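Structure first, commentary second.
Labels for the chains are A, B, C, D and E, by order of writing; each one numbers its residues from 1.
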Amino acid sequence: MSDETGASEYRSGREGWWAALLPGLPYLLRRRWIAGFGILAMAAFLAAVLVLGRERVFATLAGGGGDIDDWVAFATLTLGLGSLWGLSFAALRSGPGGDRSAAWSQWSTAAREFTKNRLAVVGLGALVVLTAVTLLAPYLAPYDPVHIGDVVGTRNLRPSLDHLMGTDKLGRDVFSRVLYGARISLAIGFTAIAIAITLGTAVGAAAGYFGGVVDAILMRIVDVLIAFPRLVLLIVVVSLLGHSVNIVIIVLGLTLWPSTARIVRGEVLSLREREFIQAARALGFGDRRIIARHVIPNVMAPVIVGATLGIGNVILIESGLSFLGLGVPIDVPTWGRILDDGRAALLSTWWVTTFPGLAIVYTVVAINLIGDGLRDALDPRLRM
Amino acid sequence: MSPPILTVEQLRTYIHRGEQTLRAVDGVSLSLHAGETLGIVGESGCGKSLTCLSIMGLIEEPVRIEPGSSIRLHDRELSELSLRELETIRGNEISMIFQEPMTSLNPVWTVGDQIAEPVRIHRRADAGEARARAIEMLELVGFPNPEERVDSYPHELSGGMQQRAMIAMALACEPAVLIADEPTTALDVTIQAEIIDLLADLQRRLGMAMIFVSHDLGVVSQIADRVAVMYAGQVVEEGDVGDMFRRPRHPYTEGLLRCLPRLDRKVARLPVIPGDVPSPRDWPGGCRFHPRCAYAWERCLSAAPALTGEEHLSRCWLEEEPERRVPSRAGEPGADS
Amino acid sequence: VTACIDAGDRSRENDDAPVPEELRFGGTAVVGFLAEASSMNEFASNDINSDELQSYVLFTTLVRYDEDLQLVPYLAESWETTSDGEQRTLTFHLRHAVKWHDGAPTTAYDVAFTFDRIKALGRLFPRAASFSNYDSAVVQDSFTVTFFLKPHPGFLDPWSFTSPMPQHILGDVPLAELQQDPFGSVSPVGNGPFRFVEHRPGDRWVFEATTDFPEALGGRPYVDRLVYRIIPEPTTMLAELMSGELDVYLGVAPSQVEQVESSPTARVLRYETRIYAFINWNARRPLFADPAVRRALTLGIDRERLVEAVRYGMGEVAYSPLPPYHWAHNSQLQPLPYDPDSARALLDAAGWVDSDGDGVRERDGDRASFELITNSNPVREDVLEIVASDLATVGVEVIPRVLEAQTLGATITGSDRDFDAFVLGWGPQFEQNDRRIFGCATPEGLFHWAGYCNPRVDELLDRVASLEDRAQALPLWFEYQEIIQRDQPYTFLYYETRAIGIKNRLRAVEMDVRGTLINVNDWWIEPGSRRQIAASRSP
Amino acid sequence: MKRNAPGSVEPLVSVEELTRHFPIKKGLLRRTTGYIRAVDGITFDVRHGETLALVGESGCGKTTVARTLLRLLEPTSGRIVFNGEDVAQLNRQQLLAFRRRAQIIFQDPFGSLNPRMTVGSVLEEVIRVHGLAENGGLQRRVTELLSAVGLDPADARRYPHQFSGGQRQRIVIARALAVEPEFIVADEPVSALDVSVQAQVLNLLADLQERFHLTYLFVSHDLSVVRHIADRVAVMYLGKIVEIGDSETLFENPQHPYTEALLSAVAVVGAADDSRPIVLSGELPSPANPPRGCPFHPRCPHPEKDEVCRTTPPPLEAKAGGGMAACHKVVGRESSGPGQP
Amino acid sequence: MTSYLLRRLLYAVPLLWGILTLVFFIMHAAPGDPSAMYLLNPNVSQEVVEQIRSNWGLDEPLAVQYWSWLVNFASGDFGLSLAQQRPISAILADRIPNTLLLSGTALVLIFLIGIALGVIQAVRQYSTLDNVLTFGALLIYSMPTFWLGLMLILIFAHLSYQIDGWPELLRFPASGTTSIQYDMLGFFGKLGDRIHHLILPAFALGVGSAASVARYTRSSMLEVIRQDYIRTARAKGVPGHRVIMKHALRNAMLPIITLLGLYLPFLLSGSVLVEYVFAWPGMGDTIIKAILQRDYPLVMATSFVFAVMVVIGNLLADVLYAVVDPRIRYE
């Protein structure tokens, strides 16, 4: 299982420590082009943010902002640059693809498989960029995303250099809003899916493993929930509990788990007959141990793939909810919200609706590319 | 002896996976004469199936037949034919049956349709003729009431019957060569006996040549006229069946024969071939069998022997230095690990 | 496939050369609205769209308001009243020539039938309150009907929106099934300028001109067909207007107005409505109990800018519960100005000070922070955001929250009144009854959201409720408005002006505070640009 | 290393009239309309220290017997007595103790190991769950086990997919040994292995038996393997035992026509050319619908097959040739005479 | 098979009951009740609201309301829409055909286009065409349906009329099922008119799913191509295209058919937004309005229709499965 053989010529650290000063250079010297250029580009991007946004960075340091958002951004910036350099130094020290411990081999095989899929790597890159941009929003956003100024003079401006994506009907900069919106939209996507897969995996594993009555009851619940009009639930819960990001997350999480449960159950059913599970039972292991240690780790691959694809789905659903007026609070700029703001005037101020829509498409595409890549990388049939 | 129908020379079929090249079949030469059955034996992963598939031209990226290989059917060089031309030969002049009858039959078509298909393609028969031929073939392979069974789906048949249907399909166009890749491995012993019986019988009646692949030396010894033993992508020994099993020349064949538990006598402890079957990822250097060979000496580590001999060939330095046929390791044969 | 011809449509300069009357007949006018008109059954419908179609298209009302908001005869040729102090009679003389569309004449029996059913339905009739002072009806002859009622101001008003229903069709329907009769949606028969052709629920109502509609009531409409289409999405609606599928787009969103105006083939018509938008402060809450604080909040909101921002100027800053069209509207009052400094001063004086420097005032441990709610409606959502941003500058924190309409309704009318403040629009009837909102007699009343109570206001409102003489009532109304101005139970935001988009080929469209279809009889389409197929049907 | 099974001693496992049916559900209400009689009333003993082999064709119920013995499947009826205890009656605690004494090895060395756990952690987990070693002793025990099955202790850090089939089967054996059992059910442990490796594993099993005084129930369909390893052999057909006896006797002198056919069908290298296998006609009947009478009668090549075979199921009884068989046509031990078919 | 179908239908009864019961209680847990639609109407007085409440039985204990609903529902009486004052059966009769027309068209498009593209991609795996199609499908799949709908309107129903040289064929109406002059058209005119109105919404509704069907088909096809029986077919000398069309496609269809069952209800709910955007008078609009107006009986009925669609969808998938796969024979 040697690593890319082409790199082995550079095995010993021929180049000096200085090579790591330029982040990514050690990788480039080892002909690991994607990693090298990726790191280089990220570093360049962060450096540019540092230089262009220096005033706000100083403000953060001076404690003027004091906002947690600012600190998150600052941490992202420093940790980001730090880790990129760290990676480069590490690469320098270890030589190319230094032998990883055996415990890693599972994941590194998957990782290698994943990096072979170019589109998936592009998707991952796109998501990394998006995440970085999201976290750095306070330094990148040229305007305050929620502040309403002198509306009349500043509203509905076409995209221009001042306002890359124009302004909306209340004169807010769409670009800044889209940047900040990414945070909420992504947070909703990730958290809702986290809830859904936790619940879905637990239920699916229990149903599949225990079978019989447990299975029958749990699966009937799943059937009901899948055939249940989600809209009814959303409207009722949002009305009962009010619009808030947390509510939307919880409701989405709670409505999305049944499909995960079904997938997991199916996997567990076939897993249950696998001989290592039988062996675990013969060895007297308790059910909880078998489920936790032997069943669930082995169904994670499809769950992870499903979860990845699900994140995109959640982002889409959230935007649909906002469209129906059931989304997050109005003062929270999510993509769905921003998009909805421009809806009535779509034919004239097309930019307000179009750009957040494109942001959604960008993100969902990236996530799906990753999901497809993961599917291939984690599929044991494709591995020897 | 008349010229062989099928000649394989220096067949090398490699698998290109990223930067790796797996030399799964690495210089196999075989020849098959009319009416003859050539047995190929070898353990899992030694390249038996790939050899067969290469002959059929059924390999696909990332598996490739390397230049310099030659597969000749009568006088035609198969490895140079276009896909279109190959298609007219497959199932027509040369047919193949596979190990798993269950997965090798298309589950959504009736066996009749599947048997009739090569007839329709190669003989341009109409539906009625093809069906009649299918029934005829089913009868030939020993189906009870073939008129009815022609309309069954594969899952409605037992494993033995499925394999019979596969055979019927392969023989529908009366090919000159039949390649049977472990046709009985997935079957029970009693059924296996039936199928072998059937194949031997059909071969006699139809006069075709057959390559019979198996990892079971017993089975091969029953049906084959000549046997080629494969190890690590190469033929290591080839010869007449009786001769080979009575007097194996290659240490691998010898080891194989000795380590089989026997029905007719009981030994306290089985002699073993130490170590594991190597993987094509990294064949051992020198003689590929040397790490497991009881006789191996320096020469075996450094240089690869060639397949030598007249009627009975062997790929071993012992052919040149027969005096070394003395176990070199203490306690051999019989050591465990 | 598109049948409309926009080519010859050369906007308004043609107005100088009027098209001769006889050429105005023909064509199909398509009106688009965002919501469905639920029913043509007077007894069942309660939405404004159904009302308008009933009053101006399919049926005829006894009386109508004219441009000056004076009641004028319509189906009733004339009326007279008598009064003996306790009891009043009202006698209508109906026109003779008005026929139901199935040929039967419209008679006094129909009027009495309608009235009887309304009374019989009692509280099941959505507008039961309008007839609460009416006692009974007696048919004098086929075309004369007399009502007995208690004297009250605006006693004729109910007849301006209640159209008689055909007795010969609905007479046999049991009361319990009256509201669900297929008449409402499937087979209405009217007596108005248009007859019913088709209803595809959720999609369209189709009417065609009544050719023998009496001249006295306006005569045959110019257009042959009137189609009322339902298109819930504003963008879709606008696209349909621009492409010519629609002739009228009712309820153009403020942000769309400019685009319609800039179109060479369409124009915008703005008209005043009865609706005002306001913020209701829940005076039961400590923050809003003090009128000075409410005043400060009003002063802290830049309502001029608000109107400009959310309504693109379509509206006027409001200050009184009686909109400007109302005869008793007190135009001597001035809206409170935008004056954040005074607002801050008032808040300071009321004890609300920002002592911990977080930008939000507090008093006795309460923060000057509240939830401002509204229903999901793009314009009102904007209002929330602007109010929040304005009040932030005077040290009051506003948490905007949007509820779905029914939830909002349930929240603000619920007995525990669990809310801080909300933004809503309210469209009072011509006969205004503000006791429901500001009177303290019924604090648990449905509309008594504000929790406002002022004995003087009660007194004033009670008096005007029984005074028939406007001259006597006027000073009382004025005083009422002054008190409201001072106490600010609501912060009035604006009187709403609405816009409709009209294709230039459709002429003579008028709308005002009375509604959108008031002169639908007179609409006509330029002869050259009618939808082709319909054109062949002109007389 | 042939030991004569001490017949007098109390058997380690004794199985009485064991039956396991799988319901077939059909119809509108998913009523159970029939049963697959996977195991249909079988009785046998496994004696201390012996290897009893269970042979038979695919689907005859071997695996079901194996799993039921270890209570991985509940028996439909019948009794399994292990060391005097009824296995079906064990409570949780006793079951855990039972599992320390009886273990199972499966056929597929790929499927028997959790692909996500290193070999070391597989073994550690077993030892920990059963509290068989303290923290310090844990590593030592793992090393011991690995060397016992002929693996390098350094392999503990590797994952199953990094091993060959034979090595994996060794790991599986080590895992079973970890609880120090006295009884091991081996369900076709070598069927998936290459012949050259099969011999290694068979030798290993034999060595371990000697070293740890193990008792084996060895399931296989390969008669040569069975011949090599078993002290006694039970032949199953359609959920029933049709013949059971000492390995030697059974192979030299099979009593039941099915055993005979089975033996003749084995392809042996260098067998005489005239030793044609007895080709059975007809197909293996389904265990859902076994034939009436003798389950083997539709395929039976016995020349004297008659009405009795078709109607009356033959009992498993001692036969003159030694061992016990279920056949009407083979003469029983009491009625003397050679009685060879 | 019949018995199987019957059993499935029997099984559906408790499922539907479960769903509806859940809907019932969840709906009643929501703030407001049907009378709430009068709460913000200045024309309506308090007394009216109270009267209506008692008239509609809303002041009774929940259990009583539930029981009476259940009894009526079980006897096939959907009741009356409170908001529209019309029999619910009539409302459904108006709306369901429109929705079925839209969803059905979308479904057909989804499967025709999706499968065709998927097969092409699988056959040309890793070619430029495959990559372009894969990426394009992903792009479309990643668009929010309603956003796509709005964009389609912006381009094909708005800009198309503003731009002079735009081909007439690519101008579409933005809303509705038929034109104003529909009644006056001849048969083909009517047909054309309907198709013309159907194109944009069906496209908006279906194209995303078509993209995902294409993805599934592609991977299913690639999986099937690896199977032994495909090798068998090629060993018989079956030409390449015939291997794909005859041997691979039908097997590859099996997982796709399960999607069919999943898409039916999905389309139904997906159509909520699309119907709204394109003013398509179908179930979607009715469901939303009913929920928003707390029109309990109508919510129950629409949920019922929805759940029945799920059941039918699954059943349809199972039946088709059996049709395509002879191994599956339901008892």
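FYI, a residue touches a chain if its C-beta (ideal position, glycine included) is under 8 Å from a C-beta of that chain, and two chains touch if they have at least 3 such contacts.
Note that the coordinates shown come from a computational prediction; the quantities given were computed from them, not determined experimentally.
Asks: Going by the contact definition up top, give me the pair of chains with the most C-beta pairs touching.
Replies: C-E
Asks: Let me check something: if the centre of a chain is the mean of its CA atoms, which chain is farthest from chain D?
Replies: C
Asks: Can you tell me which chain is nearest the middle of the complex, judged by mean CA position?
Replies: Central chain: E.
Asks: Taking each chain's centre as the mean position of its Cα atoms, how many Å separate chain D from chain E?
Replies: Each chain's C-alpha centroid was found; their separation is 55 Å.
Asks: For chain A and chain E, let me know how many angstrom lie between their CA-based centres, rounded off.
Replies: About 29 Å separates the centre of chain A from that of chain E.
Asks: For chain A and chain D, what's the span in angstrom between their mean Cα positions?
Replies: 51
Asks: Taking each chain's centre as the mean of its CA atoms, how far is chain B from chain C in angstrom?
Replies: 90
Asks: Can you pull out the residues of chain E that are in contact with at least two other chains?
Replies: 30-32, 150, 153-154, 158, 292
Asks: Among the residues of chain C, pick out those that touch two or more other chains and give their numbers.
Replies: 233, 235, 238-239, 242, 404, 406-407
Asks: Would you pick out the residues of chain D that each touch at least 2 other chains?
Replies: Nothing qualifies.
Asks: Per the contact definition, I'd like the list of chain C residues that touch chain E in the complex.
Replies: Against chain E, chain C makes touches at 1-3, 28, 30, 38-39, 41, 44, 46, 122-130, 179-180, 182, 184-186, 198, 200-204, 227, 229-233, 235-240, 242-245, 375, 404-414, 424, 426-429, 436, 442, 445-447, 531-534.
Asks: Per the contact definition, I'd like the list of chain E residues that touch chain C in the complex.
Replies: 30-33, 36-52, 55, 80, 83-87, 90-91, 94-95, 150, 153-154, 157-158, 161-162, 171, 173-177, 179-181, 183-185, 192-193, 196, 276-279, 281-282, 285-286, 292-294
Asks: Which of the residues in chain E come into contact with chain A in the complex?
Replies: These residues of chain E touch chain A: 14-15, 18-19, 22-23, 26-27, 29-32, 131, 134-135, 138-139, 141-147, 150-151, 153-154, 158, 265, 269, 272-273, 287-288, 291-292, 299, 302-303, 306-307, 310-311.
Asks: Tell me, which parts of chain E touch chain B in their complex?
Replies: The contact residues of chain E facing chain B are 227-229, 231-240, 247, 250-251, 324-327.
Asks: Touching residues of chain A toward chain E in the complex: what are they?
Replies: 119, 220, 223-224, 226-233, 235-236, 239-240, 312, 316, 319-320, 323-324, 336, 339, 343, 346-347, 350, 353-354, 357, 360-361, 363-365, 368-369
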